[in-house]
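What follows is a group of structures, each given as structure tokens.
Look at the two complexes coming up: subunit A is in both, with subunit B in one and subunit C in the other.
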Partner chain A sequence: MRIRAERDDLADVLARAARAVGTRSPQQILQGLLCDVRGNRLEVTGTDSDVTIRTTLEVEVLEAGRTVVPAKLAAEAVRKLPVGAVTLSAEEGEVEITGNGPRFRLREFVVNDFPDIPDTIEAPLVEVDGEAFVAALAQVGVAASGDDARPTLTGILFEAHDDGLRLVATDSYRLALRDLPGIAAGETSLVPYRALREIGRTIADAKLGVQLDDRQAAFSSARGRMTARVIEATFPNYRQLLPDEYPNRLSVSKAALLDAVGRAALVAEEHIPVRLSLSESGVELSVTRQEVGEETEHIEAAYSGEEMTIAFNTRYLTDGVGAVAGDEVVLETIDPLKPGMLSGGSDGFQYLLMPVRL
Partner chain B sequence: MFGMEDRAPSDGTAASILHADLDAFYVSVERLKRPDLVGKPVAVGGGVIVSASYEARAYGVNAPMGIRQARELCPRLIVVGGSFEDYIELSDRVFEICRTYTPFIEQISIDEAFLDVAGAGHLFGPAPTIAASIRADVQAETGLPISIGIARTKFLAKVASQAAKPDGLLVVDPAHELEFLHPLPVRAIWGVGVKTAELLKEMGIDTVAELAAAKPGWLESRLGPAAGAHLHDLAWNRDRRHVERHRGAGSVGAQRAFGGDVKDRAKHRAILMAIADRVGSRLRKKQRAGRTITARVRFNDLQSVTRSTTLRAPVASTEALYRVADHLVETALAEASEGRGLSLLGISVSKLVHSPHLQLELPLLDRRTVRADVEDVWRSGSAAALARDRLDEAIDELRSKFGKSAVAAASALGSGRSLVPDQFGDLAIPVAERRTE
Partner chain C sequence: MRIVVADCTVQYEGRLNAFLPPATRLVMVKADGCVAVHADGGAYKPLNWMNAPNDFIEEEGRWIVINPKGERLTITFNEIHFETAMEMGDDPGLQKDGVEADLQKLLADSPGEIEEGLELIRREYPTPVGPVDLLCRGIDGATVAVEIKRRGEIDGVEQLTRYLEFLSRDARLGEVRGIFAAQQVKPQARTLAEDRGIGWIEVDYDRLRGIESTRLTLF
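For the complex of A and B:
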């Protein structure tokens, strides 16, 4: 195998595919990138066996063939070469990367060890606006759990709602939900957020194809394709968590609230909550940490309902407020021990957050 | 704390392990409260002696000895009941003082702990200086006498502290370890009890030197392979155990021994509830909550087993501790042969976090699952959990106003009296046995 390409283009396809490569894979071959050269194209595949990313690039093909290169090292090596054309070749167990002087000779991985990843899905392909879809995933993803001991909560639920697609995630302390009307929902699936999070940085483009079946989720664009094994578990029945109505409603400037919570977080530690005292004059934020000090401030806001004080974890609150689109944030509450709901009005985003008991 | 090693820094070449042991701890505490007891033969206990003053020991009074027998030996013996809350509080204060010198502290019971000060030299000076400072601080801040032994190994540090008593400090120079150790009687070895000592005597071994000189194979054939090799190693001061700090610092536990052999599950539950109450209120007092719950069960044949589970979220509620512990005891009983009675139950909580505020959880659980009942115990935020928390708070408050015995769970009230007062059972728990997982 032997190709020539512009440094920046080659570094880009290698680096994007390498994002699927895990840092701690028990199998050495999964630390590699499969480079497959056919016709006038180079196809690069990285996988950790659950998530697979494939990128393609039109290159000058000197000799077709396949090789597996050490993922991070090859991607970095290409990136660090002088600007201009780069040659990548593999022969007799050795990978050579050269361009304008420097020459890397790296040990080639055993090509035949690279797993054969099935990436065809029979499900119909739904085309979505890539940018909006990635933004929606990020909005919902803040509530996904990173705790592998609870795999069900590490995914985003894709399901049909009305005549659109609904995305839901929860880590049991908060729940984020986003409705995307007009997007046909495929099969109900639970897709690892660990994979979805990478779409924006790897294959996102103006148009994105989405396919879901009961085993895999696939996302494809002109820049490449990602497939992810879905989480085979039943997502909690989240609908029963959503309160029917809230007697109290605060409407406040998103920027003002974010800034204020950011200041409060300086004083708070992870486990110390920020208190929100809600009244007709607006919201008073306060945080007190023993042996450190306190911070208080008042933000003018529109409030209807009973005067009350409710406390939230600063990070969870920041995540929710930050995910709301628009300039105004609405916080609806029931009482200090029941979940509060953050939303931004009309974009179909809802963020349900359990308070901290004082 | 995160990212720091649990293993102590000592490399085993310098004398940097301290064994700190409070002298006649319960008696010393009682004397703080009643100075008139100073200099007199005093014992703390209920039906049996739990601790005796050195004056009483001179008459042959020792724990665990029946009160009647003790009085026969020493008619002037003054027996006082226990001030359990004070013991716990003073013990905590003493080892907090130790902790200001080194984070590597392994508390092995209410009144003794190992410290590794190998990494503390640049701050506080050499080990003997640190030990002297600790003794002075403890005396000044609590009024309690504490003896400290310093050596290259945990084993020898413990031997040294016993030799240093009362109210002393003894350093075993690494160059002269065997000169110190070998003349001692075998009973000086940690782990050699009355029975082993008798057996060794039959074998013609009275001193550590004789034990050291014995052929390991012969010792193993008489004492069992593990014990034989272990004692022979100790006789040569070969002890590779490190000071493991996570044990004492990171757990709160209590246990209760009850005479004879109890098979009735309802009684087990009543006792567990009382223990959970004790552990829960101690956790809440310290503003701690823990994720790992360990239940300890001792069968009537003295075999002990522990079962533990790590929860997703930390708990400190009495009821949650009780329900999880009961589930664990159930598991232990199911794995044991049918119909065995119990003689001890214990609960300890580790993986502790500071938790003055409780992040509530969404009720995600699927009620249809079998484990929903058990799972829901630790979901903070359910109506039931909030009610339990309020109950705990109310009880804690009542007790702080009216004393410990002001309230108790009805089921725990009738759990029966045993020869050893229940609270001593808690105090006697060797922290080293409160192991997690």
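For the complex of A and C:
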């Protein structure tokens, strides 16, 4: 196998595919990238066996063939070469990367050891606006758990709702939900957020193809393809958590609230909440940490309902307010011990947040 | 405890081969059969060690230590500068911090919080390598050794593994299994425990104390 390509283009396809490669994989072969040269294209595949990313690039093909290169090292080696054309070749157990002087000779991994990744999904392909879809995943993903001990909570639920797709994530303290009207949902699937958050960095493009079946989720664009094994677990019955109505409603500037919570977080710690005292004059934020001190401030806002004080974890509140689109944030509450709902404009995003007991 | 300070070389053959070239080192042979080779530096980790049980073969100018897995430590003495041995007696063990000791007491009072149907046999059940926090009887009839930590890390799993190894040699206890209980069990500790067939559980200290948590959850 032997190809020639521009340094930046080659570094880009290697680095994007390498994002699927785990740093601590017990199998050495999974620390490699499969480079497959056919026709006039180089196809690069990286996988950790759960998530697979495939990128492609049109290259000057001097000799077709396949090789597996050490992922991080090869990607970095190409990136650090002088600008210009780069040659990548593999022969007799060695991979050579050269360009304008420097020459890397790296040990080649055994090509036949690279796992055969099933790439076909028997599900209809739904085309979505790539930028909007990635933004929606990021909005909902803030509520996904990072705790692998509860895998059900590490994914985003894809399900049909009305005439569109609904995305839902929860870590049991908060729940984020976003409706995307007009997108055919296909099969209900729970897709690991660890995979979904890579879409924006690897294959996102103006148009994105989405396919879901009961085993895999696939996302494809002109820049590449990602497949992820879905989480085989039952997502919590989130609908029963969504109150029918809220008697209290605060409408406040998103920027003002974010700034204020950010200041409160300077004094608070993870376990110390920020208190929100809601009244007709707006909202007063306060935080007290016995051994450090306190911070208070008032933000003018529109409020209807009973005067009340409710407290939230500062990080969870920041995540929710930050994820709301638009300039105004609406916080709806029932009482200080029931979940509050954050929402924004009419983008179908809702963020249900459990308060902290005072 | 036998203590030797000597110029020696050490050869380890097992999962890998390692060699310590000639130098002055401290060699300790503990009452339970553990052997450790220390350099004159570092707070706790020996250069080389073999956990008990071991076969200990003492030859002229050479000690050979072999564990049940066939790993072998050969210490060849060139010159012995100092040697002594003494009976140290039973160690009272590490005084646990308040939370850990309290957790042990609370879980001993309510072993069902660890596993449904679990019944306490004894707290601080002695083994040759130290006392296991709780020895219980499971609903399946098995003897269950429970190690309790505030923070559940790999060391705790290793400790429980050692207890289980010794407990399983006592035919009177029948089938023995282990549960690692902590306020928070780290991912590496979970993986190691699962790999060794040891159960693990995170326990809510506040709830055990009857204090309602301030962290409310949606479900």
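Just so it is clear, the second predicted complex is superposed on the first by the 358 of 358 C-alpha atoms of A that agree within 3 Å, B and C clash if a C-alpha of one lies under 4 Å from a C-alpha of the other, contacts with A are read in each partner's own complex, and residues count from 1 in each chain.
In the analysis below, a residue touches a chain if its C-beta (ideal position, glycine included) is under 8 Å from a C-beta of that chain, and two chains touch if they have at least 3 such contacts.
Keep in mind the model is a prediction, meaning the values are calculated, not measured.
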item: Side-by-side fit of subunit B and subunit C on subunit A, or clash; value: clash
item: Partner chain in contact with A:L242 - subunit B first, subunit C second, else both or neither; value: neither
item: Which superposed partner A:L337 touches (first subunit B, second subunit C, both, neither); value: both
item: Subunit B versus subunit C as contact partner of A:Y173, first or second or both or neither; value: both
item: Between subunit B and subunit C, more extensive residue contact with subunit A; value: B
item: Touching partner for A:D148 - first (subunit B), second (subunit C), both, neither; value: second
item: Which of subunit B and subunit C A:M354 touches, first, second, both or neither; value: both
item: When the two complexes are fitted on chain A, the stretch of subunit C hitting subunit B, from 9-17, 63-71, 117-125 or 153-161; value: 117-125
item: Subunit B/subunit C common contact set on subunit A; value: 149, 170, 172-175, 236, 241, 271, 273, 313, 337, 339, 352, 354-358
item: Complex interface listing, subunit B residues touching subunit A; value: 312, 353-366, 380-381, 386, 389
item: Touching residues on subunit A, where the partner in the complex is subunit C; value: 148-149, 170, 172-175, 236, 241, 271, 273, 313, 337, 339, 352, 354-358
item: Partner subunit B, residues of subunit A touching it in the complex; value: 147, 149-150, 170, 172-175, 234, 236-238, 240-241, 271-273, 311, 313, 337, 339, 352, 354-358
item: Touching residues (chain side subunit C, partner subunit A) in the complex; value: 185, 187, 190, 202, 212-219
